[in-house]
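Chain lettering (A, B, C and D) follows the sequence in which the chains are written, and residue indices restart at 1 in each chain.
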Amino acid sequence: MDVNIYRVPMSGPEDVSGLKKLVDSGEIKPEEIVAVLGKTEGNGCVNDFTRGYATQSFKLYLSRELDKSMDEIGETVAFVMSGGTEGVMSPHATIFTKKQIEAEEKDEKSLALSVGFTKEFLPEEMGRMEMVKEVKRVVLELMKETGIENKEDVHFVQIKTPLLTSDRINDAYSRGKDVAVEDTYKSMGYTRGASALGVALALGEIEESKVTNDSILHDWNLYSNIASTSAGVELLNCEIILLGNSKKSVSKYRIGHSVMKDSIDLEAVIESMNDAGLEVDKLPTEEQKSRIVNILAKAEASPDGYVRDRRTTMLTDSDINHTRQARSVVNAVISSIVGDPMVYVSGGAEHQGPAGGGPIATIIEK
Amino acid sequence: MDVNIYRVPMSGPEDVSGLKKLVDSGEIKPEEIVAVLGKTEGNGCVNDFTRGYATQSFKLYLSRELDKSMDEIGETVAFVMSGGTEGVMSPHATIFTKKQIEAEEKDEKSLALSVGFTKEFLPEEMGRMEMVKEVKRVVLELMKETGIENKEDVHFVQIKTPLLTSDRINDAYSRGKDVAVEDTYKSMGYTRGASALGVALALGEIEESKVTNDSILHDWNLYSNIASTSAGVELLNCEIILLGNSKKSVSKYRIGHSVMKDSIDLEAVIESMNDAGLEVDKLPTEEQKSRIVNILAKAEASPDGYVRDRRTTMLTDSDINHTRQARSVVNAVISSIVGDPMVYVSGGAEHQGPAGGGPIATIIEK
Amino acid sequence: MDVNIYRVPMSGPEDVSGLKKLVDSGEIKPEEIVAVLGKTEGNGCVNDFTRGYATQSFKLYLSRELDKSMDEIGETVAFVMSGGTEGVMSPHATIFTKKQIEAEEKDEKSLALSVGFTKEFLPEEMGRMEMVKEVKRVVLELMKETGIENKEDVHFVQIKTPLLTSDRINDAYSRGKDVAVEDTYKSMGYTRGASALGVALALGEIEESKVTNDSILHDWNLYSNIASTSAGVELLNCEIILLGNSKKSVSKYRIGHSVMKDSIDLEAVIESMNDAGLEVDKLPTEEQKSRIVNILAKAEASPDGYVRDRRTTMLTDSDINHTRQARSVVNAVISSIVGDPMVYVSGGAEHQGPAGGGPIATIIEK
Amino acid sequence: MDVNIYRVPMSGPEDVSGLKKLVDSGEIKPEEIVAVLGKTEGNGCVNDFTRGYATQSFKLYLSRELDKSMDEIGETVAFVMSGGTEGVMSPHATIFTKKQIEAEEKDEKSLALSVGFTKEFLPEEMGRMEMVKEVKRVVLELMKETGIENKEDVHFVQIKTPLLTSDRINDAYSRGKDVAVEDTYKSMGYTRGASALGVALALGEIEESKVTNDSILHDWNLYSNIASTSAGVELLNCEIILLGNSKKSVSKYRIGHSVMKDSIDLEAVIESMNDAGLEVDKLPTEEQKSRIVNILAKAEASPDGYVRDRRTTMLTDSDINHTRQARSVVNAVISSIVGDPMVYVSGGAEHQGPAGGGPIATIIEK
């Protein structure tokens, strides 16, 4: 297997020119694209339509390029658009290509990935055990498909989940069902949390018996160190991208990860670089920075409102949603270290890393 | 002269309990207080009433404690409340006390400060040359009062300026006058910029002849490296706190500064620590962190929307004002380095440092 | 009893000049003030400090005027500040004075009122049956005090309730207690709802047996037609103002009420005018408009997101809280009918009128 | 000419199912569609991508239905998406079809319309005289095309204009040009204002000599009573829909208009109904309401912040843009009268009606 990564800036949710340029120049073969991971400039909350708009735009472009219907494109490529580019975060897309090639297994492990989809969820299943179990099932399949035997070699599992809307909630009620939560904004936390717990179960990070409907969004001791989940109104199933290192890959890239204990955990950023193989002394050098392809991180407000024993106002600010603020903070910390604000930070880290913190992964050129 | 600094958390704009505790314990003599520099949890924009509320609350407390009228308190103590604690920034007040003592001039320079007030401005004077010149006049007076002869020894000049409101604009119109700008939110930039240019002129940072009404908020090459200005609806004059190092002070603190070139300029944060005397190797140690009393910085969105050649969306986000986003970013960068989110970052750095950047000062215990 | 009402504009939360003018001219005797009902220009949500700021400012003014401590003022006058003046709503205060006079009981009923306070609530009691029962107790006391025997003669019960903050929630947890809801913004709904149910029980509008912790914010069939409750961070108990008509009052005013079925229920606005005695034909004449002293109404987003079978986006807009939008709508409807945007509309009508609607009262000069 | 109108709800910006249903049932022939006028649920400000998303979705649907490229669709159909459905405004699209039929000229005038496009504007031309003149030229062409000789028979001219973005401003600067205004949000006002003045000139509502670059957004005495302009990031030219009554039309609809003097001008709403022919007595009856097809109105905050001599806080609220608030108010007033929140209100009425007011048109079934 060979895996390549390309990071392109976007001038708006509809801007596919970065990808087009790479395709036109022959650098990317569009049929090898397996995933597009985007940061789009909406509010990252319920009514963020930039995710759907970017997805529609990328599908439309690839549909023409590959002469397939947009639905067919959607069945083979995972489009995970994460909304919210607060602070200095720069809108962009990370494009993953993959091709099967004949090659001997190597000693050194390299970047490998697989993409998969769960079934579509009913409103009453969202943010509940049905979602947890279905995500677990697909993650285990994807590990096998990626040729990763050792769970330690999985470094990042990115999931796009659906959320509840007023219409979906009314639909469940009309069929005599209830839902995990009535607040549509809050439902994003439930679906993000449930799918993260699915990853944690798949990778044996937590005990199966401890996960119930009641523990979702309540027992913060249950979490995955490598799940990164993001909710969007534009889908009904989960789209999953599993990233790890494998001897079966000949990619020139490698991935490592760490866990931020809170949103200003500078040390964890460095650790994820070192885990990928950079050997950083306190802060990366210019040469080391230039080898970083992208950093993928999750951000969330601390549930008790405190960071390093200091009161913050993210949770009591009724004008700006706390996920918007958390993204801005984590992106700023990472940007200041790598000297580039075009890194991927996604908001809402429920059951992803410890409360108030979140997973972080670094992909480097070897 | 002896100068002391106390940083106290605030649980809301009306919370004076941190100060009260220090007064009750005898650590602070209320009559020695010369300035209160607060970060309050409003939006930091036009309709941020947390600044006025905090000011009223502190005045009310000191009025009872010192048995003076609130107006009398306002004439001797500078209350500079800067609104906006986005991201992880923790609401707090920094209280400065000063007393004249008999002491020989020392070889080593230590923290010194003075506080002053301009006249009240008419709406038509706000954000214009009248403000520039009046600020310059008071800054020069304050240098003298602080016993600082060398302009290099001034490290931070904090100014609270008024802004235009609909009523004030209508008042100017009713008298046949026009105003610098009609947009009330934008007027905050004009008054911040004009008062910063007043500092720059006082300290000889720029040429007098280049500053005109037209260059205010247009010629970004004109700026001060040490001015920090903040606008609020609750006053009509400027309140000025000048901070520097002087041989005439016996304070146990010292101040240093640097200039952030952009909002993720981690290196400038370290430089300001070193300028104060910390001798940091790449990142501060725990011992060094513990000697930092507070960091004072300015933040602003880059006027062209780009940071390190990457497009950001701060200026085109019509839901969150860009000053709110800029504060969050700069606070996050500093917090991650000092391991404490309770640092002072104020938004809107027009003519304060280069475009998109801003001054930063560190006060340490020697 | 004689009761008078004065409506004064406010140029900011700290502006008491409207009241001062009436006091200085002798029109109001400050010792007769029993309640101040304000619309202040914050966001009306968790971090709205304009309510506390206005309260502090009014107390400070009355404290000087009456030579009493601010605490003493707080014990005799109810300050109910409702935040949020979205759309064209104009910030103002309605001041109620009351004096006991010797007078024969009249045939005609006139405006009468009483003011009372509940005990302070613990975080774990807020939004729960403890609050419901305590409010009921005080409302029944106030009816007696106002000389109203017939429940139909009570037309409006305005309550200011506390809410949960991060600190209060942490406090409950530290004592091994849980809270009604963890989301601080959402807690405002719980305390508003619980206190409204207290009114409904006191006035026999609903059956006692149906109200439990579980029915609060779930069973929307339970509601009061005359409760108007508003939450604020600045208090821990409930402040209650009961308004009705009584033969024991010689006031020149009278109150009537109706219930808006949804937020654009123009007909209910007219009904409340007629209930007060205006005899409006479709729309009020200029003469009739001039007799309206103030209109008091509650607003909320329809819980299913639909108004007249049309989808609205209030509940899915993650940038503007739905209470802010609902206030704007109801105020606009009323303003267009009375030709004056300075009317009182308070947000969040949980258990106050039917789902999506809310009580409305009109006070007229007879 | 025959003209038909269809109003369909939208469940999101990408929802074309309402149109699809009408096409599938044969009620609409897709080749007869000339304009789609949408209210989409973004913030209606700079970063509102719901307008582009809806346009792309409608083009995509019609492209498949008519077997034409999306660009070809864009050249024949005007897609005017107005963002912002604050308050109870319900997202929807109004679809206009037109066909040329042989028919004798009738005595009675009926609804007629034409659609046209200006050239694409350079950033330095936006919001300036170049835009004014080009819009005037196209409006005059459209009148001729619609068969309207008498200017009084034009009742509504809807225009979609471009706006300035950071990138467009930088582009102008790079070519040594300046722009009308640097603030991207504010640029929406300039392009809306300039294109409205183009309509006013075309219809002889104002004197040609009074309109200069300096009068745009300054001289509020210059305005059109029938222009309705809306800005969006997704286009570079203006799209214009001219609506009026003509003897050459056999449409079963008729249009009338009036001008709201301020945002709560209930009387003007009634006048526009009467101008269309409804004969309303104070308030419309249920039968009259049922004949209203749609109401089209413009909304803006009063530039001095006052409505009926009362201070409002729209202009000083730094958390919610004033256009968002103004839309909510005007929609609420109209909705309460017609009993339906699915009416079209577009924000930003610069030079459209008097300051703080705006044009309003009613289309009825005869």
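Operating definition for what follows: a contact is a pair of C-beta atoms (placed from the backbone, for glycine too) under 8 Å apart; a residue touches a chain by one contact, two chains touch by 3 or more.
Keep in mind it's a predicted model, so treat the numbers as computed, not measured.
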Contacts common to chain A and chain B (chain labels): C, D
Result of counting contacting C-beta pairs for A-C and C-D, higher pair: C-D
Centre distance in Å when chain C and chain D are each reduced to the mean of their C-alpha atoms: 39
Chain centre separation in whole Å, for chain C relative to chain A (CA means): 46
Two or more partner chains touched - positions in chain B: 11, 41, 43, 47, 167, 311, 313, 316-317, 319
Contact set on chain C toward chain A in their complex: 43, 45-48, 165-167, 170, 182-186, 303-306, 311, 313, 315-319, 321
For the chain D and chain A complex, residues of the former touching the latter: 11-14, 41-42, 47, 49-50, 52-53, 56-57, 60, 167, 233-234, 319
Sites on chain B touched by chain A in the complex: 9, 11, 41, 43, 85-91, 263-266, 281-283, 307-308, 310-314, 316-317, 319-320, 324-326, 328-333, 335-337, 339-342
